[in-house]
Amino acid sequence: MEALAISLVNAVPLLAGVPLWAVTLLLMVVVAAVILVFALTFEGVGSLVLRKVAGDIQARIGPNRVGPNGMLQFLADGVKLVLKEDLIPANADRLLFKLAPYFAFVGSFAAFVVVPFGVGLIAADLNIGIYYVMAVTSLVVIGVLLAGWSSNNKWALLGGMRAAAQIVSYEIPVGMALIPAVLIAGSLSLQDIVRSQSGLLGIFGWNLFHNPFTFFSFFLYFTAAQAETNQTPFDLPEAESELVSGYNVEYSGIRFGLFFLSEFGDMFIVATLSTACFLGGWNVPFFNAGTLPWIWGNLFSLGVFLAKAFTMVLIMMWVRWTLPRLRVDQLMRMAWKYLVPLTFVNLLGVSLWLLVFKGKGIPAMIASLFG
Amino acid sequence: MGLKAYMNDIVEAVVTTAKGMRITARYGVDPREEVTLQYPEERWEIPEGYRGFLHNDIKTCTACTMCVKTCPVDCISLESVRGADKRMVLASYDINIGRCMYCGLCVEVCPPKSLKHTSGYEMASVTRGELILHFIAEDAAEIKARVARQVAEAAAKAEAQAAAKAAEVPSSGTAEVAKAAEAAKAGAQAGPKAAEVPPSGTAEAAGAQASAKTAEVPLSGTKAPDVSSESAKAPVVEPKAAKEGENKE
Amino acid sequence: MTTRTDALPTQEMTINMGPQHPSTHGVLRVILTTDGEVVTRAVPDVGYLHRGLEKIGERVTYAQYMPFTDRLDYLAAMNCNCAWAWAVEKLAKIEVPERAEYLRVIVCELNRISSHLIAFGSYTADMGAFTPFLYGIREREHVNDLFEMICGNRLTYNYARVGGVSGDAPPGFLEKTKEFLDYFEPKIDEYNNLISYNKIFVHRLANVAVIPAEEAVAYGLTGPNLRGSGVPFDLRKDEPYSVYPKFDFKVCVGTGERGTLGDCFDRYMVRINEMRESIKIVRQAVAQIPDGPVLAKVPRLFKPPVGEVYFRSECPRGETGIYLISDGSVNPFRLKIRTGSFVAMNIFEKVTKGLMIADIVAVIGSFDIILPEIDR
């Protein structure tokens, strides 16, 4: 950010007299605002798309009344959520009750900071990018747990406890499934991981096709991440047919809206992480967006990245409208007896592969065979 | 659990999930599979014999009260008086459509087939009173008074004829008729009040039961909705009753 | 020295599940005593939908009671209509025209299909998969269209009459029924592929709330709940009424294919398989239906002889038994109705011990209870 500020000060003579820290701060606020707008738009549109996909899959039409073909439905929903009465149960822990949605929302929103949207489009290219994402998305569980506890409702409490158990358990397979990408790139920075997948191999340069273990890693990550973000079939914390609505049963208005937004934010984060770590991020086969002029290169790579990420989001919705829900003990069994051992085996496999074949993937070896 | 069973578990989970997702995907991408009927714009074809709102064609109704007797939820109420030609004349015919359960038993028993289900099924009202359909627009009391007048006239005529013959053959029957005629006259002069305390001779059918029901009438609302084009002409607004109804509500 | 439990005393939690809960299938209230997620005791509390249907039966005439049987089990109103008609006919020994009996069987079996579709759909929705529910509803609409055609209503049919049915099948009804069966039969396989054999779904149901055969009989379970435990008891076969003996169909029983015999999955699969059998029956009935009148001559002021009768018929939710005492007047003297859902509530507390909260939902769904039948 500071480097960008320096270049900005150099480029614009008007800013010469302004202290550097002020410019940096201003830039930070602007970038944060841009990301917030993007996140909110995505979450709004995401809710619309979710309902449209649900409609298509369930032989219905879906929302089609607000705006052309129902496109403005999410605005109507948003306005409704903002205008609704903000109810706080009489016996709730008022402070925690009010605080909980912010934890959940901040947890998912903060992860957007390190999302590599394009060649140069990243709010902060942290050198611990993946670690950072894992850390801040864990904040969501605090929000959910607080919401469940402070509502003073037994269903909400059960939902909160389920969420805590679930997210803590699934952190491990999620982390373990992402490490192969880190090993291949040799860096925790998401931008570096994406760059490591570019090159002349095109689609086969992606980590997904690097070797059999990374291929499985992708599916393991995708499954575990769905569980970590409470998507169906792992939506136990809110399980509307069992716990009525789980941890957010007592929430209304914009506080409920924040939980709702954080859910979609998590969905997007999972999609971006799987895109960046396994599907080549903003890379397209046989074309280096970095060679284009800055603005066009970034716009192009942004488009590619979003297309991939949205495809992943669509797949998540597709899964969501197909599968039933696991039971809580089965969920734990799946984490500890299936996903954790499998991700460890995978990690071991990838490490051995990298050691034996000197970091080369199968496509690279085949390519070298043909010269 | 052996390794084989462990692996089988995983494979089975993946395969069955893929199977299910193939089906949902097929519905997802095929726009022909959408079965939604966009209701206010599109409507389904209503078959013959559909049991919608009830409609009574009062011209053919004989006021036999079969429908009233057969209705399991007592949603039909009617008042009738005996007319000059000895046939029953409807004074009021109300159906509480909010209470009706569309079972169709009343339609089945109706001897002149005047009571029918229409194909109407849409209705919205602000007050509960509006749910009562009035099939006779005129005030029940007025009809009764009019019929009583007609009966009285007929009776007077009969009396005159009887008086001409009376000298020859005096009979007990004529005396009764004369009494009835007097009573009818009194009823006609009394006007609307006659509805509540009908003279015994004239409107025997609309006796105590009728007075009980007239008490209910002001509570009821204004007009029957246009259940269908054919029935649209029958129920008409009853301004006085409407006002009263609103006040009561 | 204090033990761990002294330092951190735990206690059981009482949770009120219902009467407003998405998956209690209406206004059932279950009082759960749980230790965390594990239910130590689940007591069903019924009665929130009591309308006094049996008492109403004493103040209306035999014919007038027919629309009330629609409200006995609104998902299978045809079956309840016919049960009432059969009971009264048995009491008064009325001969019913054969065409009327065939029409009754056709609508009863169609209604069984539509009722099982709701059972299937709401069960999958309880398990978290919402999509199959809408597929089930979609197919049910076709059945409703057929019923709307034959009797004029889509939910409360009031089709049967003492002595027959209210009206003959309109032209085109039998053809449309065949069309529906051709359309619907492959859908069952689709349901099985979509959800029935889904790994998660099987895991949720298999070995949950196992009811052994002896216990099922001892508690008086009937219908699919009894057959799920492997007891091949079906009133259509074992105590044949109407024209059922003329049709070839088999009694579906649970096989314990994915777990223990008598678990939730078996009860679920019995319903899925019964839809196929109902299709078979309707096909045969449509092919064999004779011509003739559809309503026997019954006096308008119908007064059955003095006496009492118990008639039971196989409804989608088990045996619907009607016990009727007549004193020779136009109204029944006493009416008592036995329903399958109510009986299933008896065993509920026993089978739910030690299950999880999510399993409670699975058990309620597997019994396919409907509240107006429980409370009447």
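Brief remarks on what is shown
A, B and C are the chain letters, set down in written order, and residue numbers restart from 1 in every chain.
One rule holds in what follows: contacts are C-beta pairs under 8 Å (C-beta built on N, C-alpha and C of every residue); 3 or more make two chains touch, one makes a residue touch a chain.
Just so you know, these numbers come straight off a predicted model, no measurement behind them.
By count of C-beta pairs in contact, B-C exceeds the other of the chain pairs A-B and B-C. Located most centrally within the structure is C, per distance between chain CA means and the overall CA mean.
Using the mean of the Cα atoms as each chain's centre, the chain most removed from chain C is A.
Centre to centre, using the average C-alpha position, chain A and chain C are separated by 45 Å. Inter-chain centre distance (chain A to chain B, centres taken as mean C-alpha positions): 62 Å.
Put simply, the C-alpha centre of chain B and that of chain C have 35 angstrom between them.
Annotation for chain A: residues 57-60, 321-323 touch two or more other chains.
Looking at chain C, residues 131, 138, 194-195, 198, 200 sit in touch with two or more other chains.
The multi-chain contact residues of chain B, meaning those touching 2 or more other chains, are 9, 17, 20, 23-24, 35.
For chain C in complex with chain B, the touching residues are 60, 63-68, 70, 131, 138, 141, 145, 148-149, 151-153, 156, 158, 166-167, 170, 190, 193-195, 197-200, 300. The touching residues of chain C, counted against chain A in their complex, run 13, 15, 21-23, 36-37, 124-131, 134-135, 138, 194-195, 198, 200-201, 203-204, 356-359, 361.
In the complex of the two chains, the chain A residues touching chain B come out as 53, 55-61, 318-319, 321-323, 338. Chain B makes touch with chain A in their complex at residues 9-10, 17, 20-21, 23-25, 27-29, 31, 33-36, 38.
For chain A in complex with chain C, the touching residues are 54, 57-60, 154-155, 158, 161-162, 232-233, 235, 239-244, 321-330.
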